[in-house]
Every structure is written in structure tokens, then in C-alpha cells.
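To keep things simple, chains are lettered A, B and C as they appear, and every chain counts its residues starting from 1.
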Amino acid sequence: MTENEQNQSEPQKNEKIAHQLALVEAGLYVAGRPLDLRTIAGVAGSRSKKKVRKLAKTLVENYKNRDTAIEILELEGERFVMQLKADYTGKVRKLATRPLLSAGPLKTLSYIAFRQPILQTQVIDVRGNHSYGHLKQLEDMELISREGVGKKRFIKTTPFFADFFGLSHDLRTMKRQLKTIFKDVEKPKTEETMNPEKAE
Amino acid sequence: MTENEQNQSEPQKNEKIAHQLALVEAGLYVAGRPLDLRTIAGVAGSRSKKKVRKLAKTLVENYKNRDTAIEILELEGERFVMQLKADYTGKVRKLATRPLLSAGPLKTLSYIAFRQPILQTQVIDVRGNHSYGHLKQLEDMELISREGVGKKRFIKTTPFFADFFGLSHDLRTMKRQLKTIFKDVEKPKTEETMNPEKAE
Amino acid sequence: MPQTMKKPFYFQPPLSILFEIHKLEKILPWEVNIAYLLTMFLEEMEEQGEVDFRASGMALESSSTIYLRKTKLLLKLEEPPPPPKMMPDFIPPPIFLPLRYELSSTTIDNLLNVLDEVLKSESVRPPKLPEPILPTPEIIPPIDMYLLQIEDHMKSLYEQLLQLVGTGELLAFSKLVAGLEKIEAVKTFIILLFLAQRGKIGLWQEEDIEELYITVIGDPVFDGKRTEPI
């Protein structure tokens, strides 16, 4: 405890904690993806991992006690996520109308996910020069990460990508999962599954 | 009151209301845009406009009482929206996944909203040549629409823009609302409210 | 009588500009519309029915002085003053988008639905696989295009030297590179060394004098027979 904190009165401390809880809640709400303790600490403006862990766990409890549609969960690796409880997903899914990405960048992402880790030059070869823009967008959205420079620049998907689509963080497992789903998707070539945009 | 509802005991009724409240909360959380009473009714599984209005207003109150980072607001035209309280925007903006607009395009947008329908040439005159890029970006995000060609190209904001900001779809009312917002923004010239980007 | 004499019309503004010769140097020439003033002067004179050649001469002299000043300014590449700016329009402050979470409609199925199409274009341009995953590449020093084109540079510099001096005559290095940027001077010096090595020119410098002298000693035709590195 710092000297500054020692000098704070009980109500002051409580107020500070309430503010930090609100900040963490804000971060989890806006991110819509699991955040690790480091990121949460950045949002809460605290350097103590212990305190941040406590804040996050308090939020998990608070949401449990509220007993409503939204929950905050702790995931593997001390990561925390705000999400809709599974019971409600089916009933409100139809309200989600905006795709994450438009068709072009989605194709580029799909290709990267399937072939990763992949050379940037190969992605450009297959997807064309316009996909430089896609890569920038996908990187901004933290769906892919790039390593290396020039001709030896490698691309792979991020843990956020895995979380978003409910895939494993382990690359090999993820690719196996993708292959299995890909086969399943390919089989029923109905109007609806082939044209999700139309279905909206 | 239907026969079915008359037969329900008090605890049963309360449970039903709690479930409906959770459904509305789920809907607002997932949609990320203002929902009208009809859509909310669809989610809550109720046909009574009166009841749905009460449910939504109860949620607004519940969120007010929670005193945290998220709020549910009632907008013009009996529409409801869940969003982050403005106080927290600056601190968690960087966590938002969706590509957000930086200050430049937002200025162009606010100018268009304020002067619409406006000639594209006038926008470029006032905002400079670089704003061609802004217009493309704003159009991609469906915040503005362009009509006509060449020197007679007119720009206005879209209904999606109005919804995003919780503004009226009626142009004159919207402009009045915007004037109030601009006044509010200009008054408290603190670092955070004027430069939310900087606060990150 | 002289007190009651009316001042000639051309001493009134704006025509007075042309008749106050001592002030001509102080006015901004761009602010004077000579054609307008002269037309006004002639019309007025015509109206009054008195032709005053002395006044006409002064007007002509002043006009030409103003024209001369405009010309001088233009030759100095001085821009005429910009047109007055219009009042800028009110630009409202940016309105920041409220932050809302929004569940995206994109599912894993959507992601993989488009994969099939992408893989088709892959088959058109087969990937260069297997590509080994290599460590970060070593830094390759950039090759200066200038050095790659050394033969061309030698040829053109040799031709330039021939134009400047005849065989056997002296040319100062400082004269050759006069007006060039430092980097260009260095490049020229390097080419001179190559030419000297090929025996096309002679380079010499006297003690205590910094100047380097060049003599053209080779044959005037750059035959390219000795283009191999020496």
C-alpha cells in the first residue's frame, strides 16, 4: 500500500474502487473480447496485478449477483470477458445485423486463418494488391499480427481471432478445427449457408 | 390482462418480468444501436406496447441505480439504447474492436451533419483536399450518403448516423439537437472532453 | 487670382496617384489599376475639352514606372498578393461516436464459406510452398545504382570533358564541379578516378595548392574496348 493510499479515508477508498470497477466494466464492455490482467490494469490505472485481479473477480461476482442477461467470466490464463449468457444468444442473435468485416477483408482473413503462418507476399499473390488494405484493417482490428520485415513478413491470426470464432489458441488444433468445420460448411450448399449476406 | 396472466401467482409474475427484462437487456446489448418498441416487443415476447414500454423504462432506471459505466437511455421516438457513459469513452476507446474514426473524419462528419444537405465541393472547400478520404471512409461506414454527380454532388447523413448518435431522423430537429451538443462540447474545455484521443 | 484657381481634375484621387511622382516608389504596384486610371484620365480630359500634353506625359511616365515595378516584382518571382480570403465557415467540433458493444453477425460459417472461393484463386497462382521459415534476414547493404551505371557515367563525363577542354589542356576540378551539390561533386570525382585508371585522363595536383587539375589525354572516341575492370 502506498503512502498516498494509507492516507485515504475509507469512503475515499471505496469511491476509488467503485471508479476502478466501472473502468474495468467499461473496458470489458467495449472490447467484447477477453482481456488479460495487463490490459485490465492499463484500463483501471493500477500497477498492482493483485489488485487488478481482485477488481476483476469482484466484477465477476457482482454480475453473478445481478442475475441478468450479461455475465463476466474468468477464462483460462487469467483473462476476463463480458458476454451474453448462452441462454439468451439464440433469442437475440437476429438483432446482430452488422458483419464484422465486408466480403473482401473477410476472404483475406479466411485465407490467412487456413494457411497460417503465411508469408505476406503469398497473401498478396493470391488475394491481389488491394489486400494490403485488408491486412492493415485486420491488423487494426487485432484479428491478425505480422512479424518480420519485407519479403519475410509472416502473418498469423491473434488470440482475439480465436476467441471471436470460438477456436483453440493452439495453431495446430485451430487449423484442424477449421478443416473440420470447412468440410461441414462445404457439404450443405443451401442458399442460406452459402449466402449469409442475403439472409440478413 | 389475459386469462393466463390472471392465473399466475405473484412470484410467477415477478419471475416472468425478470426474464423479460433480461431479454430486453440482452437485445440492447447485442444490437449496439437504438431499438424501437416494436423490436423490443419482439425480443421480450410481448404484444402489449404498454408493457414493453414499462419494461424498457424499468431497465433505464435499473441501470441508473447501478451507477456503473454502462447506461441505457431512452431516445426520441420511444427508442432505447445501451451504451458506455461518455465519461469513460476516452479511457477505453482504444479497446474498441470496430475501426473508429479519428478526429479529422469526425470533424468532416460534424460539419456535414450541421450543414446538410451540402454540396461536396463546399465540404472540400472548407475541410481541404484530404477530406476526400474522409468522405470515402464516412460513406463506407454508412454514416453519410452522396447523391448526384460532379459539381452537383450532394451529401447528407444517413438514418444510421441519426441512430448512432441517438438523433432525430427529422433534419431540422436533428440540427437543433446538434447545436445543443456542440454547445455542450465546447463549454467544458478540459483535456479529456476536448481530446478524448489524447487521454489514451 | 492664383488662390482662386481651381486645382486641375487630375490632382484629385484616384488620378492623383499618377501625378505624385515622389510617392510612386511607396505604393504597392498591384493595387494600381493603370488601364482604369488612364481611361478615366482621357475621358475626363475629353469632357473638359482641354488637351494638356504635359499632364498626359506625366501620366504616361507614371504608368510606365508602375509597370516597370510590376515587371521587376514578377522577375523576382514575387507573387501578387492573394485574393482576400472569404470568411471561414463555422466548423463544429468533432462529435465522438458513443461507444457501444455490438455483436457481429459474422460467424465461423461465414468465414469458411468464402474460403472455398479464395482457395480457387490460390490454385490459379499456386503458392511457392514449401517456404522454409527463416530467421530474420541479414541486412544486405543497398547497392548504389550509381555504381552499377558506372560505365555510362564515365562515357558522359568524358564527353563533357572533351567539350570543355581540348587534348592536353588543363581543367580545374573546381570549375568542373562548380554549382554541383557536394554529393554530385563526390560522384564526379569518383568517375574521374575511374577515367584516370583507364588512362583517359590525367589528374595532378601541385604541392601546397588544393586545386586538382584534369587533362584529357585519351583518344576522343570512347571506344569501349577497355571497359573491363582494371
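In this section, a contact is a pair of C-beta atoms (placed from the backbone, for glycine too) under 8 Å apart; a residue touches a chain by one contact, two chains touch by 3 or more.
Everything numeric in this text was worked out from a predicted model, so none of it was measured.
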Ask   = Drawing the touching chains as a network, do you get a line, a ring, a star, a complete graph or other?
value = complete
Chain pair with more C-beta contacts, A-C versus B-C = A-C
Query = From subunit B, which chain is the farthest off, judged by mean CA positions?
reply = C
Message = Suppose each chain is reduced to the average of its Cα coordinates; what separation in Å results between subunit A and subunit B?
response = 23
Task = Indicate the whole-number Å distance between the mean C-alpha point of subunit A and the mean C-alpha point of subunit C.
result = 51
Key: Two or more partner chains touched - positions in subunit C   = 99, 101-103
Key: Junction residues of subunit A, two or more chains touched   = 29-30, 32, 84, 93, 95-96, 98
Inquiry  = If we count contacts the way the header does, which residues on subunit B are in touch with subunit C in the complex?
reply    = 29-33, 81-84, 86, 88-89, 92-93, 96, 98, 100-101, 103, 106-107, 109-111, 113-115, 122, 126-127, 164-166, 178, 181-182, 185-186, 194, 196
Subunit B contact footprint on subunit A (complex, rising order) = 18, 21-23, 25-27, 29-33, 35, 39, 43, 66-70, 84-85, 88, 91-93, 95-96, 98, 137, 140-142, 160
Key: List of subunit C residues in touch with subunit B within their complex   = 88-103
Key: subunit C to subunit A touching residues, read off their complex   = 99, 101-119, 121-122, 125, 127-128, 131, 133-134, 136-137
